[in-house]
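By letter and in written order, the chains are A, B, C, D, E and F; residue numbering begins at 1 in each of them.
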Amino acid sequence: MLIHLVNPNTTASMTEKAALVARAVASPGTEIRADESRAGPASIEGPFDGAMAVPGMLARVEEAIAAGADAHVVACFDDTGLDAARALSPKPVIGISEAAFHVASLVAEKFSVVTTLARAVPTIEANLARYGLSSRCARVRAADVAVLELEEPGSDACRRISDEIARALVEDRCEAIVLGCAGMTDLARELSQTHGVPVIDGVAAAITLAEGLVRLGLSTSKIGGWAAPLPKAWAGPALLRLHGAG
Amino acid sequence: MLIHLVNPNTTASMTEKAALVARAVASPGTEIRADESRAGPASIEGPFDGAMAVPGMLARVEEAIAAGADAHVVACFDDTGLDAARALSPKPVIGISEAAFHVASLVAEKFSVVTTLARAVPTIEANLARYGLSSRCARVRAADVAVLELEEPGSDACRRISDEIARALVEDRCEAIVLGCAGMTDLARELSQTHGVPVIDGVAAAITLAEGLVRLGLSTSKIGGWAAPLPKAWAGPALLRLHGAG
Amino acid sequence: MLIHLVNPNTTASMTEKAALVARAVASPGTEIRADESRAGPASIEGPFDGAMAVPGMLARVEEAIAAGADAHVVACFDDTGLDAARALSPKPVIGISEAAFHVASLVAEKFSVVTTLARAVPTIEANLARYGLSSRCARVRAADVAVLELEEPGSDACRRISDEIARALVEDRCEAIVLGCAGMTDLARELSQTHGVPVIDGVAAAITLAEGLVRLGLSTSKIGGWAAPLPKAWAGPALLRLHGAG
Amino acid sequence: MLIHLVNPNTTASMTEKAALVARAVASPGTEIRADESRAGPASIEGPFDGAMAVPGMLARVEEAIAAGADAHVVACFDDTGLDAARALSPKPVIGISEAAFHVASLVAEKFSVVTTLARAVPTIEANLARYGLSSRCARVRAADVAVLELEEPGSDACRRISDEIARALVEDRCEAIVLGCAGMTDLARELSQTHGVPVIDGVAAAITLAEGLVRLGLSTSKIGGWAAPLPKAWAGPALLRLHGAG
Amino acid sequence: MLIHLVNPNTTASMTEKAALVARAVASPGTEIRADESRAGPASIEGPFDGAMAVPGMLARVEEAIAAGADAHVVACFDDTGLDAARALSPKPVIGISEAAFHVASLVAEKFSVVTTLARAVPTIEANLARYGLSSRCARVRAADVAVLELEEPGSDACRRISDEIARALVEDRCEAIVLGCAGMTDLARELSQTHGVPVIDGVAAAITLAEGLVRLGLSTSKIGGWAAPLPKAWAGPALLRLHGAG
Amino acid sequence: MLIHLVNPNTTASMTEKAALVARAVASPGTEIRADESRAGPASIEGPFDGAMAVPGMLARVEEAIAAGADAHVVACFDDTGLDAARALSPKPVIGISEAAFHVASLVAEKFSVVTTLARAVPTIEANLARYGLSSRCARVRAADVAVLELEEPGSDACRRISDEIARALVEDRCEAIVLGCAGMTDLARELSQTHGVPVIDGVAAAITLAEGLVRLGLSTSKIGGWAAPLPKAWAGPALLRLHGAG
């Protein structure tokens, strides 16, 4: 089984970290193809970054389809471009935040999310509502950590995230924590031990869900909003006429 | 990995059918321990049957804990006794309806459920609301098929279910179908091919989710409503003082 | 009119306390038949206790039907086994938490619930959602009082409940308080005077609603999920094949 | 116990019909004081009629307070002026539609409402949402019957209502019917027998709930939106400066 | 274009203040006709005041219809009598709170409301729910300022409102503030500068929306609950038989 | 006042049609600057087209900011890239679907949407939920008309839309219709006359709301998710590093 892990931003170190976690949790026989967008912002912090990142990510999805990927995982906690990727690919596509929310719902009545910056909160809340899981989320919290701080070896980002988790457990009446950024993927197990509650990382969660869908023989329904794009005229540079040849 | 598949009713043929599907979808290395309750009703059709089935099911969960199960799957679409089983076991517990709803949400914006009898609908709707996924479900439909008809070789139960799916696709604007009874577990693949949309069976879905939770090292949070039972006095026959010795 | 007050746990002192309150609020001519389960846990603290308590409670419901009860009141704030009892009995069945929520909604735009232990909160919140009244409840709070502490003469349980009510009135912008345990039934009037807001006890509320339904000539609709159990095969000890003879 | 039944419109025959039903369901010892507004429209069909009816109704509430009423019942299915009456009176006030919705929720998972004219539907739906009970209502239907037709002996209004109930039971998956007009109050028992499901009349329901609140010693919380009116300057004719003397 | 600004209370100084703001924001060519009720309370603080204010306000609406008004704006933050006015007038009618909520939703994901007294909060919350915009409102707060204090030159009302805004911005995670009283209409711009977020005044918002509807050629749909009142008998003083001649 | 009307697809004839409508409804003194994306799909039918259209649209927004636009209107009924545009521009940005929903809510308790293709429905429903206005929408319907058919002179697209409106008025209990595509902008007035209910076009609605925000001196709050993009590294072709120079 070949699972495509796509990082919608252009920072390779984040891809590598996510790929490590993905390979650690994958079943024997599952191959992880990990790549990042070649065009757009180095990190996704807010809806402008997110929107600009999508065409570059979709180009990677198209390459992975051609390479025979059995499923795709979008490795940004905004689930950037998830609808577009689902429309583009005949194979299942899973966002790491939806994966984390669904998995958290299996082990906790209520969870809180700890993400990076306050500006990320509305998108996460909107996604929760879209997925139907707002009632399972006690609160979405920002630890006031920039995404790329998570890539700096000496930063105190992990401590600030742990402090925010501690506040969540006191104030939110939540029973589990979802880590709200692909860049936090390597912290889940340690934070779970520190705090004594399930701490869910979306990258690992999404890999296991993607494997599950492939084993179940299920893929995206094509009779609704995720139908394949219709043929039509396209304009502009190659990256923005991706489907012009389709 | 040892996954415990427990059928809360007392009909062994339903257990066997579910076990076959479970073993077919399980990863190499996963062992399925399947059993059914030894006390209670032969099928669960409504909340009275459901409530009476739980102590017998929990006795099986207790046995499986002792036998080293890594996770439990409750194989009744009412998710009978799911909260109680989660409180009892230190290991993850998944209901087949919640599994089906979460998996369906990954491949369809909206799904409809096709279950057996009209009397089963309110429990399923209440569970959807509890899980937070009501907004993802277009409609819960009954095909007017008794649970044990699904065990009779010559019955036309499958045809009636297929007819109800056809109506759902025309009337509900749904993109996928969830089969609303453990006894329908063997029909998913064929119905999916017939109707050209994802048809989700909860038994198979729950097995893959259970495997996923075990791989992720996640289990039920014990700081909320699913905390282990407190010691206290118990009265009555052995089966109803299960935790008296605990 | 004969109203059956059933305590789903096995502690007779709780039954007696509830019966006293019930008889005090009942109209002239109403007889209260009060009993408790003979099998299961001494108190209900969490969903495991609750599930194990139901068969013993349903046996009492069956006895009361035979004795000509006009209505049943389930005297546990989890509304333990309420759906099953409604299916079993041809007469109306009312849970004390649903009774309290409906009555509170007639005298306050928003109420808060003060219950015993934190582990009881998720079940209460789920019931509120099921009944449709989540929007009327400002918050469900735990006073950190074990159920059986309410039976101990010298305990400071009442003071801790009163303190939690005081916090609720400051923090929740609620206008009334619902007492979240059958064991608190004797405290309502005093706490109402202390705090100057309506304090609602579910036992008394349920008795008046049960009398009301009997006077109105209304009983549970039998065309949906609360239809009478279907005949089928049963296995196990007598208490778990209650309806085997049915 | 003295219960004040106030009809917010000016049609005395509707008051008499409601008073008959109220007296039939009231407990021994309960006196019903029934009156109607002396100013405003002869029937309430839409929000303009409703708004104009309130001052006249509140004058009657003020008279009944002076006469020692223990509770008030507002006998219009729009629950016309309910908030204002609750603010005005120190005693409990119940609207017949909220009464019917709460009572229906005790005997049916889902109910449908059958009211008079389509123009009445939005107010009823808004009230359901305000009370928190929208999720318990399958649909609000209009039988296309003018309010005063219900007062005409030879009209076929009852047949049209019965036909609409039949449609509701087929189309709505409801388990009970709420009659959506005070003028239908005498039809409940017959329609219930015809259709084999609970048919709830708000007048009778409100009387039993009002008796219940009085027995429970509960009244409207005065710390929120239903606090007593503040003293201030008033202008205009006597009926519109009701509280000028207060 | 003639826009009718109607103040449902009887305090002329509030009308004048609102008219000033209205004229300042109106387009060239828009004429503002401003008046207040001649009967009822001097301010609206709670549902009793509100209900008593409506007939006097509707009389002014009827006068303005005769004078050729193109739209009406109801200048009380409770949107007092909005439904009735919509039924009465063939022209669009806008409440200042609904106007503020809709406009705030265009510039902020979440807003908080700062109103006068705690007793006003439930009506505002009910209106938010009715309009569908509860999810856009973080919290409705009371600054503990009586309505008529806003008319007193030397009062510290504005400082208390500003303090409450400061608390909202810290505690509510809101991005904008809606001023919850017509009497605050002149404070918006200054408070917006002080706090660095959009501060929305309903009077100005409603004027621009009213102009917009007139330009769009849109008015209230008359096929639902806002249909014109039906002819019928009326009783009582002239002000309460407004439509008797209709 | 300069209002920027941006068409996110690359079809100039749609821009021209929208500009005509915009200029017709704009106040004297308002200038409309209309343009379309130079890169991406010729029409937006589903989330893939939508995602690919955003960078080209944002380039136009950046140009309009430089040209001194006072507000932007995004002229695609998916509100394509609305969040990103709000983050990018210091001036207010309005999507035509949100504009239509807010305006419809001022003239109808419930509206239905008639859009082009079934695949557009889920995005519209998700937007309604995000904006908070799902409860105001009776149903989102597709007339089975491709977007570019609306540009073909001889097509029967308008008739099919009118037929779908007729069905909506019979089946949905809606009181107004929202046209669900920018390409339908010129049909509103005629369809309103044909069907006798308000028919709302988002382009005209958005222009009046944009004018209103400018007059009110309000713009997007920058303390939440719509904060200006943070400086960071960008990669790829110029169009995808729009903010690289920022």
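Just so it is clear, contacts are C-beta pairs under 8 Å (C-beta built on N, C-alpha and C of every residue); 3 or more make two chains touch, one makes a residue touch a chain.
This structure is a prediction, so every number in the text was calculated from the model and none was measured.
Enquirer: Measuring between Cα centroids, what's the chain most distant from subunit A?
Expert: Taking each chain's C-alpha mean as its centre, the farthest from subunit A is D.
Enquirer: Could you check if the interface between copies subunit E and subunit F is built from the same residues on both sides, meaning over half shared, or from different ones?
Expert: The interface is built from the same residue numbers on each side, given that over half of them are used by both copies.
Enquirer: Based only on mean CA positions, could you tell me how far subunit A sits from subunit B in angstrom?
Expert: Whole-Å distance between the two chain centres: 28.
Enquirer: Taking each chain's centre as the mean position of its Cα atoms, how many Å separate subunit C from subunit F?
Expert: 52
Enquirer: From the C-alpha centre of subunit D to that of subunit F, how far is it in Å?
Expert: That gives a centre separation of 44 Å.
Enquirer: Any chance you could list the residues of subunit C touching two or more other chains?
Expert: Residues 109-110, 118, 121-122, 129, 135, 173, 224-226 of subunit C touch two or more partner chains.
Enquirer: Per the contact definition, I'd like the list of subunit A residues that touch subunit F in the complex.
Expert: 10, 37-43, 45-52, 54-56, 58, 81, 83-84, 86-88, 118-123, 126, 129-130, 146, 148, 224-227, 229-230, 232-237, 239-243
Enquirer: Hey, which residues of subunit C end up touching subunit D in the complex?
Expert: 25, 27-29, 92, 94, 98, 102-103, 105-110, 131-136, 169, 173, 175-176, 189, 192, 196-198, 200, 204-205, 208-209, 211-213, 215-221, 223-226
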